[in-house]
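I've put the structures underneath this note.
Here subunit A shows up in two complexes: once beside subunit B, once beside subunit C.
Right, the complex of A and B next:
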């Protein structure tokens, strides 16, 4: 935790309210995010229990599984989820703009520009918590290898038609969410924690209700009191007033309300199956649907508070203006979205279970680039974030006091102006440390030459920097490219842009140190469904 | 009955077997584990010279530009005629200016310019950009345990076979983003190059250098027991071979007493009162700076097997090690305030592979309210505790043992990931227990 975050947390404890960590919103929010509040069944990995989903906060769609262990009901749930999610995603797939992409011609090895489509916007998915992101991944993993009756008429338990496709999209969203700064799939708690510091521990910050209590406490109450209430307060039935944001449920809810309701449902189902005549069947069918309605209303009761909390969180976030470079990162999300659309359309198999060596290395490299870029961009977009970096000695604000022209000693001398700046900050500058400033949106590099004298009585020091680039090609620097006395400039010790890493070998050329090329069967294996094991059958 | 251990002979036997496998063996790779100061660089230089002499074109992969330049200089010292290529980046000042004075060294940013030279040396990062060249028959990968698996993936196509040399006890490579999704895969891109290599090629011969020439007899047993319990090593020198003494007597202050203790026993712990502090604990930082100042003021002289006469311990023979960059910066500022210049102050990551007479360490857990995986990392403490030839002074707040007991390591166990022994918690306790015997309380 950085010093400024620690300070903000201390202030939050002191004032009883969360303190801002940002003055702008560092993640893009679309006009119509799709909010998904999923619930899972305790003790059954990957058995969904229910969900609220939709783009209209007033009209969530309720999906519920009355008996989570019933495979047919589970498939029905997934089919319904596909119906709720896929149209939202597909609505963005066909709205495109022309764009250019650099591609290497495999024949000549030359880089050429290719005209391609880029989706003008992409479907955004918001879940309440980090565990929700994990659940989206799990759903994707459990669906994308399923076979439909159309894929294979002999498959023992064919999945409904659109389920594998939903699995592929959720897998893509889940994987994209691992890229720092991406916004295709976001957790409300992560969004809020990025922008506010509370007075509770970071573990408690994962509780959406408690987190919102700190950020926006009810009138007359401190954040700490409200958060405690959100975590612990129960009604007369012993149920939490603020149920967990899922996907896990409260054990007291499971034991006292859900389990008896499921048992009633099971009994009604058995009774229906044993009905002997039409009249009895009708009556028992009534009981069955009554039992199902009860489960649905129970689930709705524990999911609605979370649903409202997510939207409330989004409202709070929308009050912040979007950081200017967040758009840039969203464009990358759009590229990622478009690329997945193209893979699906071209009939590629679902994402493999495991990345091969080259893909894993590529993903890691691109995420590291994204992380460094995100940190730099947030600091450049937001004076409060920059203040944190200044406090850590990684950036400084300084006033130019003097500029002295010097030149390189070559046949064609280039300008290397020496700029003296005054600052009361203490950046961690070593000999020839590179510093950067933003000049018309592009970084200009300078190097630290020396510090002049001791700090004066105000604690100010004079630093001499040598400007190295972005001054044009001539002997004299281009107008406006050299700081002038009186300019107040923010310098950073970190780079603003990230260079891409080296090109890795193709997977077919994986070297011997990494096990050689993936086996010839790898491609075919990836397409196969999971083998059916005895545990799959009830 | 035990025979007298002859460190020179043991080391020579190990080196002989390594060179034999490298020059005449049939496997595509040879792995050499080297404890701190066991002559890893000497081995690399010797292997390079012998491979070149046998007519095998060789590429050498190191991890940092400083390591590359150091190797080039050492090669030139051993064989001033050997044609060496230094492949460098196209940034400004890509290599040490010393190389300009070496007649046998060709420098270029393009691999094609260096084709045909006996030995070509560069960093892994630069090699990764070299494409479309005839692969080298042989390669030496230096500091292979600090190289990440994905970095090896990018360069492994450039050579047929390779000698991998490194220290398994030092800091593991790290990534700035989570890489848990690949944990347990044999080619986990965030793991070390050696773990991927051995996971795919378990039959490769593995060697070990058995003698540390850097660590004094007072330090080798502790470092060996705490960090290399299953692959012990010895010091190359005995207790009487090294001596640290001062021209000026102690003034009775904390820094002076801890320096005397360290000169006598090889270790010193300067303990400040227990307190939770920010990372750049001003008192601890000042204590570190004072110890360094007094060490230089008191005219320390080091007697060792290297020279006939005692050698003064000058600023360039002293280092300060910290866990974090801001701590290093704070110590630098404190030293500057005391008028000390020329002392290397850096984090464990950057001190890796370097050697000094005396080191002063700000304990990674000093003043902390918690012990995170970062601060408990075995390699961090190992690096900090194994840079010195004579003595190591640790500056620390009281209560770290209790802190450790309150924070047992809780890292999740991942399937398929080899559990590292000893874990940082255990190693920290082992070192603390030893340091406790050389404790001096802070008295300004």
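Right, the complex of A and C next:
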């Protein structure tokens, strides 16, 4: 945490309200995000308990598993989840615009432009917390290797038709969520924590209810009081008024309400199985559906507060205007979405359990680039973020006092104006350090020449910079491309556009030190579905 | 109980689903005299010994009281080591001195190898998916196993030919099934850290000696008395306490009331140098207190000035945008108010799905 963030947190403690950490919204929000509030069974890895899902805050779709240890019920849940999520994703898959992509021709090695499709928008998924993002990954992993009866008629316990496809999409979303600045799959807590500093620690900020209490406390109450209520307050039955945002449930809820309800359901099911005549069976079927309804309403009761909290968080975020470069990052998300759509359509197999060496290295490199790019773009979009970089000596604000034209000493001299600026800041400048400013959205480079003299009584120093580019091809710089005296300009020491590192070899060229090229053992490497056990105790 | 009596009960507890699942998994791993467990252990830590056959010793460790069980465990370990075969000790009892008083520990299992090596086995019910498990859970399991290793070393020191393995076996469910899989975890580092911390702990007698005469922590006492008694032992609250200690909510309330900056995290304290209270930091940042020559104070003032400047410029920018496009601005505000009205009647609307 930087000092400026710490200061914001301390101010929040003092005022009893969260303080802004950003003046614009740094993540793109689509018009129709799909909100997913999942719950899982305590102690089980792949046994979802229920979910609320939908794009309409007034009409969430409730999915529930009455007995999470029953494979058929779990499959029914996943099939229903696929019906709720996949249409949302597929609605974006066919609305495309033409775009161009650079591709290297494998025959000639030349770079050529290729006309491709790019989805004009992509399905956005919002979950309540970071644990929810991990759960989406886990669901994806548990589903994508399943076989349906159509894939393989001999498979034992075939999965419902669209479940493996949902697994592949959720895996893609979960994987994309690890790219800094991406917005395909977002956690509400992460979104809110990016834009506000509360008066509690970042550990406590993972509680969605407490976090919202700090940002938007109820009238007449301080953030700390409201947050404490969200954390601890219980009703007369001993249940939390603000249930955990999941996917884990409150142990008290499990023990006092859910476990007895599931037991009743199990009993009703056994009774139905042993019913002897149609009349008795009818009565017992009624009992069974009553027990199921009870479980559904219990689950709805603990998920609805979280559902509302996520939407309230989105409202708060929409009040902030979107940062101008967030759109650019969303375009990258759209590319990623389109690329996965193409992989699915071309019949490629599901994502492997483990990436090969080249893919893993590529992912890491692209995430590093995305991180650097995100940091630069947020600072350029937002004076408050820039203030943090200025405090760290990575950027400075300066007023131009003098401009002197000089030229390179080549046959065709180019302009290299020397700009003298005045600032009270102390950036970490060394000789020939490159600094950048934004000129009509494009970065202009200058290099540091010298500091003019000792600080005056106001603590101001004069710095001399030499402008290096973006002045046109002629001898005289293009109009507007050179700063003028009186201009107040933000200079950064970091680059605005991040370039990726050197290209990595193709998978076929993987050296033996990194596992060697795949292929020789490709047949054995083909991903097998998870083995299923006949008894269904998870 | 003490926390409840103080009025800040800690929200701990275990779901019975997790509890049942943990027990069922452990029973499955240890079924048939631990055959599956020993197979996993031999595969990963067997060394040059012969594979465990059906003649694995599983000594009975039941005895009265923790001392009795600990003595029985020590005896069983000695016998098994002398016998020179494989032995599986199911839930042995070990004693370890913590801050001057004995603590009793119960590992899931300890296996004695034919060469006299003892290995701690930890059975956990979190899954190992594609051969990797949640790092924080594995870390916690390693720390727990390191304490068992330390306790076992005390017994091994007085047993001839015995040696405690520094690598423990972690057994978890494989992927999404209930089939066990295992991984070897090297706990040398955790063991060294724990041993150092144990020697550094203040002895309980020394803490008790520092308390005023007649201090009691009996939860039956009136809450003011208890409050004073608990306050007599100085706490060192940090947010990490919330995950581990029943008294954490009590300490947090006290710490917040004092305005201690650690309530925001341990790292915050390091950043703020000699300033320890929220009010002190804010006063220094506002220029009301503090020595400007102090680098922390200077940095704080600069941070405060930069932050104020940035917020102001953003407000001016937004006001300018509103003036430039009054219609659009009003529209946006209206949209927001409509949206928040929607939020307030959300529960009723959402109730439709029940």
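Observations on the structure shown:
Rule of thumb we're sticking to: the second predicted complex is superposed on the first by the 522 of 538 C-alpha atoms of A that agree within 3 Å, B and C clash if a C-alpha of one lies under 4 Å from a C-alpha of the other, contacts with A are read in each partner's own complex, and residues count from 1 in each chain.
FYI, a contact is a pair of C-beta atoms (placed from the backbone, for glycine too) under 8 Å apart; a residue touches a chain by one contact, two chains touch by 3 or more.
As the structure is a prediction and not an experimental result, all values here were calculated from the model.
In the superposed pair of complexes, A:178 makes contact with subunit B only, with no contact to subunit C. Contacts of A:505 after superposition: subunit B is touched, whereas subunit C is not reached. Using the contact criterion defined above for the overlaid structures, shared-chain residue A:86 touches neither subunit B nor subunit C, since it reaches no partner.
Shared-chain residue A:3: touches subunit B and subunit C both.
Which of subunit B and subunit C touches more residues of subunit A is settled by the count: it is C. By the touch criterion stated above, A:367 is placed in contact with subunit B alone, subunit C being left untouched. Applying the stated contact rule after C-alpha superposition, one finds that A:76 touches neither subunit B nor subunit C. In the superposed pair of complexes, A:141 makes contact with subunit C only, with no contact to subunit B. By the touch criterion defined above, A:354 lies against subunit B and subunit C together after alignment on the C-alpha atoms of chain A. Once chain A of one complex is fitted onto chain A of the other, the partner contacts of A:392 are limited to subunit B, with no touch recorded for subunit C.
Residue overlap on subunit A between its contacts with subunit B in one complex and with subunit C in the other: 3, 6, 354.
Note for the complex: subunit C touches subunit A at residues 9, 11, 13-22, 24, 125-127, 129-130, 173, 175-179, 239-240, 242-243, 249, 256, 259, 261, 263-265, 267-268, 271-272, 278-279, 281-282, 285, 299-300, 302-304, 306-307, 309-311, 313-314, 317-318, 321, 336, 339-340, 342-343, 346-347, 349-354.
Residue ranges on subunit A touching subunit C, taken from their complex, read 1, 3-4, 6-11, 13-14, 20, 23-24, 41-46, 52, 57-62, 138, 141-142, 199-204, 224, 231-232, 240, 249-252, 254-255, 259, 296-297, 300, 304, 307-308, 311-312, 315, 318-319, 321, 353-354, 382-384, 386-388, 390-391, 530-533, 537-538.
By the touch criterion given at the top, residues 3, 6, 178, 180, 354-358, 360-361, 363-365, 367-368, 370-372, 392-393, 426, 428, 432, 468, 501-505, 509-516 of subunit A touch subunit B in their complex. Taken together, the subunit B residues at the contact with subunit A in this complex read 28-29, 92-93, 125, 128-129, 131, 149-150, 152-154, 156-157, 175-179, 181-182, 185-190, 193, 196-197, 200-201, 278, 325-326, 329, 333.
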